[in-house]
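Structures incoming, each one as structure tokens.
After this come two complexes, each holding subunit A, first together with subunit B and then together with subunit C.
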Partner chain A sequence: MLDIILSPQLFFAAAVLGSLYALIGLGLNLVYGTMRLLNIAHGDIVMLGAFSAFWWFTLTGFSPLLALPVIAALGAMIGLCLYILLFRRQLAQGLDPVVIEARSLLLFFGVSVVIQNVTALLFTATPRAYRHLDEVFRIGDLAMTGSRIAALACSVVLLIAMLVFLKKTLFGIEVRALIQHREAARIVGINVEKVQIVAISMGFGVTAVAGALLSMTELITPFMGFRFTIASFVVIILGGLGNIKGGIMAGFLLGLLEIYAVTIFSAEARSILIYGCFVLAIVLRPQGLLGIGKKA
Partner chain B sequence: MKTANIIIAIPAAASALYFLGLWAGPYWQIVALNLTMWIALTQSWSLFSGLTGYISLGHAVAYGLGAYVMASLFREWPIWLIIPTGGVVAGLFALIVALPVLRVRGPYFVILTFGLAELVKFVLLAVDTALGQSSRLLFGAPNTQTLLLWMLALAAAATLLRHHIGLSRFGRGLIAIREDETAAETIGVPITRYKVAAFALSTVIPGMVGAVMALRSTYFEVLQVFSPTISFTIVTMVIIGGSGDARGPVMGALFLVALAEILRGLSPQLYLIFLGLSLVLFVIFSPNGLTGLLERKPR
Partner chain C sequence: MIRRQLFGIALGSALATLAMPVWAEDPVKIGYTMARTGLFAEAAPSQENAYALWQEQVNAAGGLDVNGVKRMIEFVSYDDESDPAKSAQLYERLITSDKVDLLLAPWGTPHHLNVAGVAERYGFPIVGNTAASVAIREVQPGNIWFPTSAIPDKIGPELAAMLAEAGVGSVSIIANVLPFSQENLAFLTVALKAANIEIKMSENYPPDISDMTPLITQMKSAGADAVLALTYPADAFLYMGQARELGLKTDLQFMLIGPTIDAFNKAFGPAADGVVTLAHWSPAQSDWPRAKPFFDAYVAKFNQEPDYLDSALAYMSAEILTQAVAKAGLNKDALRQAIASGSFDTINGEVRFDGVQNSVTPTAFVQRQGDVTELVWPKSIATAPLK
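Entry: the complex of A and B
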């Protein structure tokens, strides 16, 4: 048993999955944190990113890594469209955050059902995968496929870039101010509308990229999204809302937990574990997901 | 709607549906069965979620537990005993989880009920897999006509229950919780007891509905009867119909069952796409649903 637990192979798998969870959680943090939009379609953006990468690779034959900027732009466009069509009016009315959360939940649920079924209608529900960078690299006992190394490297670079962006640039500070306290952010002269637009575009863009990277390591289907929606909520509950570093750590922790649960128990343990963590996290924090600056 | 009206309306609608099913042939029997099933489910859901404002995305669990009880006990117990047992099991499960779950408020309650429902689904799936039982067949179930009769009784019971509780002291207390939970507590509404009671009560009829529907499909699979689509459809129906009184869930169920019958022949995906779109449109343009639209006109 101990040799399983200490195996570098599992550790590597956990790092790959964890880095993707961290990235997806970061996307949700930007959307939920700044606007209190309960995005239960978040996992479906992961799915769209994964399908874009799949079709890019299948149709052009070029590496999906080359398509990452395009996929990021695509995710950002979807976020922007949803913001303009569904949420700008709701957010501008100055409604109670509780009302905004409840409505956004129903709206995103509708959006999620539409995205999943349009995808299934266009591409059928058959699971898909592609082979790219599948040569194996070995370091001692550790065997790694090129695609996993690439996914891990890309997501770590992106995580660091986002972290630096949010910590060091003026715009990043504005985003974090909005996450901490919306009204106070407005009072000190932050252009809330502009920050919201950039936050939702960036959040969706990052999430779509995570989906593209994920498609290099796993089977993809139009209905794969739920799992990632739930996982991203677990990540932001565990890490604390608006706490970017905490979220990243929580992502890696969840990846680790999941890989070990699947190895030690069975593949079904994965869902039980994720939903179990999710239920426990909410029940133990009944004041809500807000790690900081709880507003009544 | 006045009580006198509802006492006339329910038997009238029920017998109309029954005779429609009887005379118009098997296709309409199944449509009538689906419609009454959704009415029974949405009215029960509305008893808790409509009155208290705690939107539950977990009522598929009640339905699934009822179906699970039927699949497990079929041929061992008489059917007339299994159906209420399904309701009791669903109600007991709701009672057990109620206290921790109902401490959570607002949107977190919504996603929590969803997560809990998925957790129950995967746990039962693991249990079934461990027991080597991935699916069960139910041979010798009663015919659709009998099931329709039972379902009509359940739908009528759910509608009456929803109507009466809406007008009772208990129901007023639940509405007070929806409007302002803290204020309700201050003026002496026993909020915890009321919420727990309404939550458990709202799952009993869905449990019985699940038990009856297991007989209809004659094929039982955990993934199917605990499907989150059931919970989502209930919520969408009530949002579309409006949750103000007992009419809303009926209108929402009519609207979506009609949509399903028109589109399902073309493709199931198309139906779900329209379901999602109508949810989005109603939330944006008419948050009070079809009843809200009807009431706006005369003014």
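Entry: the complex of A and C
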């Protein structure tokens, strides 16, 4: 058992899973952190990213990795449309964050149903999949499928890029300021609406990219998104609501937990272990791993 | 006066022309529900596609033969949202409110079992299809029939027999916790022990598992001759990809559900070669002359292969209904008698019912060999030997 636990294979599996969880969580955190919108259609944006990659590959024959910027832009546009149509006016009213959260929950529930069913109507619910980067590379005892290497590499690059953007650029600092304290950000002259627009676009764009990366290894259906919605909420709550770094850490932690807990205990106990640890973490540290990113 | 007469003639002709469609045969209304949304929405299209193909073919040939009179088929269908209770309610609506002439079955065992009660209450015969559980034998016979032979208490012993004949001495088993996998696991475990096949490892996993690396790593360590993965489609996909990545090599790999869906072969291509799975139909069986034309027509219409279980069963049930209606018309009692006692020529060969079950089609397995899915067990219907 020890040799299995210490094997690089498990670590690779945890890294791939964790990086995708971190990316999906990042998207949700950007939206929640800046606007307190509880996007329970988040997994459906993953699904749309997956479908976009599938159709790109099927129709052009080119790698979906080449289409990532386009898929990100599509995700961003969806986020922008939802912001303008559903949330802009409410956010401008200066409502209590609790009210915003409650309304967003209901609105996004409706959005989720619409996205799933429109996708099923357009493409049917027939499962889709495609073969791309399926060569297996071996380094000693470690075996890695090309698509999983690509998913890990793209996720890590995107996560680092987002962290650099948020830390080093003026706009990134404005996003962090808005996450930290909305009113204070407004007082110091930050264009809150502009930041919100960029944050929701980036959040949805990053999530769509995660879907595209997942499409290389997952069965694609209009109803595949739900478990990613659950995972993303676990990640952002574990990491600290609105805390970008915390969310990324929590994503990788969830990946490690899922792989190693299954190895040590059993696959059947996976859900109990993951959500049990999640509940324990919230009880012991309700503000999340790195604390809450903004004050109410 | 002449103008008035001419006007009258013209008006009369117009009215007669408008009245003409009244003299054409009314369509046959056939009702069903389908899981178009919800948990089973991913599995149901393969069944509904088969229905759509059947309707198109029958209507193109002039319509459904109802006691010698051809009538076009018109579907009345609803989304049951993957909810068996809702499915039963909707079937009641189809019978009492929509007043359909015939019924086709919904997708899935729980739906069939719920709808069986409605069929019994209204005395409305339904030919079932995608139901595969020992529970179907508890259904009151007389208004619903099940053409599938993929029943868990038969699958276990047949799989064990096939493995024993192939010289398999040990197996590793992983099983989804969902009902069909677990039902099969129960019967399979007993059958393997009876066949003196050692079970080196047996683990369950949840349906939302995201990575099977730990499970497959354990399977590699166990070193069994064969791997039996009692999967549903999504986890079959995950298992196949990761088993390939980890270089899991065994004499035989079996997956319960998944490898017969079109997306599986598109995703894995040559890597899926040799995988054995559950199905009792193949277009490669030349003894069933309807099999290949169905396959070709399905591919032409939907640009994908039919599911060797669900699509085949759905189409079979429609064929049985076609032949029964041709003989008995739409009278429920006559139709019931025709289905219960008749012999039907389907894409899967002959089908006859003994009580609720198909007494002819054996429990079978197929194997992907190159680009073809061959029947490999039992030998009575095999189109190729097990590799």
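To be clear about the criterion, the second predicted complex is superposed on the first by the 260 of 296 C-alpha atoms of A that agree within 3 Å, B and C clash if a C-alpha of one lies under 4 Å from a C-alpha of the other, contacts with A are read in each partner's own complex, and residues count from 1 in each chain.
In this text, a contact is a pair of C-beta atoms (placed from the backbone, for glycine too) under 8 Å apart; a residue touches a chain by one contact, two chains touch by 3 or more.
Just so you know, these numbers come straight off a predicted model, no measurement behind them.
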Query = Once the shared chain is lined up, is A:Leu10 touching subunit B (first), subunit C (second), both, or neither of them?
reply = second
- [ ] Look at A:Ser271 in the shared chain and tell me whether it touches subunit B only, subunit C only, both, or neither; answer first, second, both or neither.
- [x] both
According to the stated criteria, A:Val195 is in contact with first (subunit B), second (subunit C), both, or neither; which is it? neither
| message | Which partner chains sit in contact with A:Leu257 here, subunit B, subunit C, both or neither? Use first/second/both/neither. | response | neither
Partner chain(s) touched by A:Arg148 [first = subunit B, second = subunit C, both, neither]
second
Task: Contacts of A:Ala212 with subunit B and subunit C, given as first, second, both or neither - done: neither
Report for A:Thr221: first if it touches subunit B alone, second if subunit C alone, otherwise both or neither. second
Quiz prompt | Which superposed partner A:Ala129 touches (first subunit B, second subunit C, both, neither) | solution = second
Should A:Ala120 be classified as contacting the first partner (subunit B), the second (subunit C), both, or neither?
both
The shared contact residues of subunit A with subunit B and subunit C are 116-117, 120, 266, 268, 271
Touching subunit A in the complex, subunit C uses residues 36-39, 41-42, 44-46, 49, 174, 177, 203-206, 208-215, 217-218, 221, 233-234, 237-238, 241, 244-247, 261-264, 266-269, 271, 304
Within their complex, subunit A touches subunit C through residues 4, 7, 9-10, 13, 16-17, 116-117, 120, 124-131, 134, 136, 138, 143-145, 148, 217-219, 221-224, 227, 231, 258-260, 262-263, 266-268, 270-271
Residue positions on subunit A within touch of subunit B in the complex are 38, 40, 86, 98, 101-103, 105-107, 109-114, 116-118, 120-121, 226, 230, 233, 266, 268-269, 271-272, 275-276, 278-279, 282-283, 286, 288-289
Residue set of subunit B touching subunit A in the complex reads 55, 100-101, 103-108, 110-112, 115-116, 118-119, 122-123, 125-126, 129, 228, 232, 235-236, 239, 267, 269-270, 272-273, 275-280, 283-284, 287
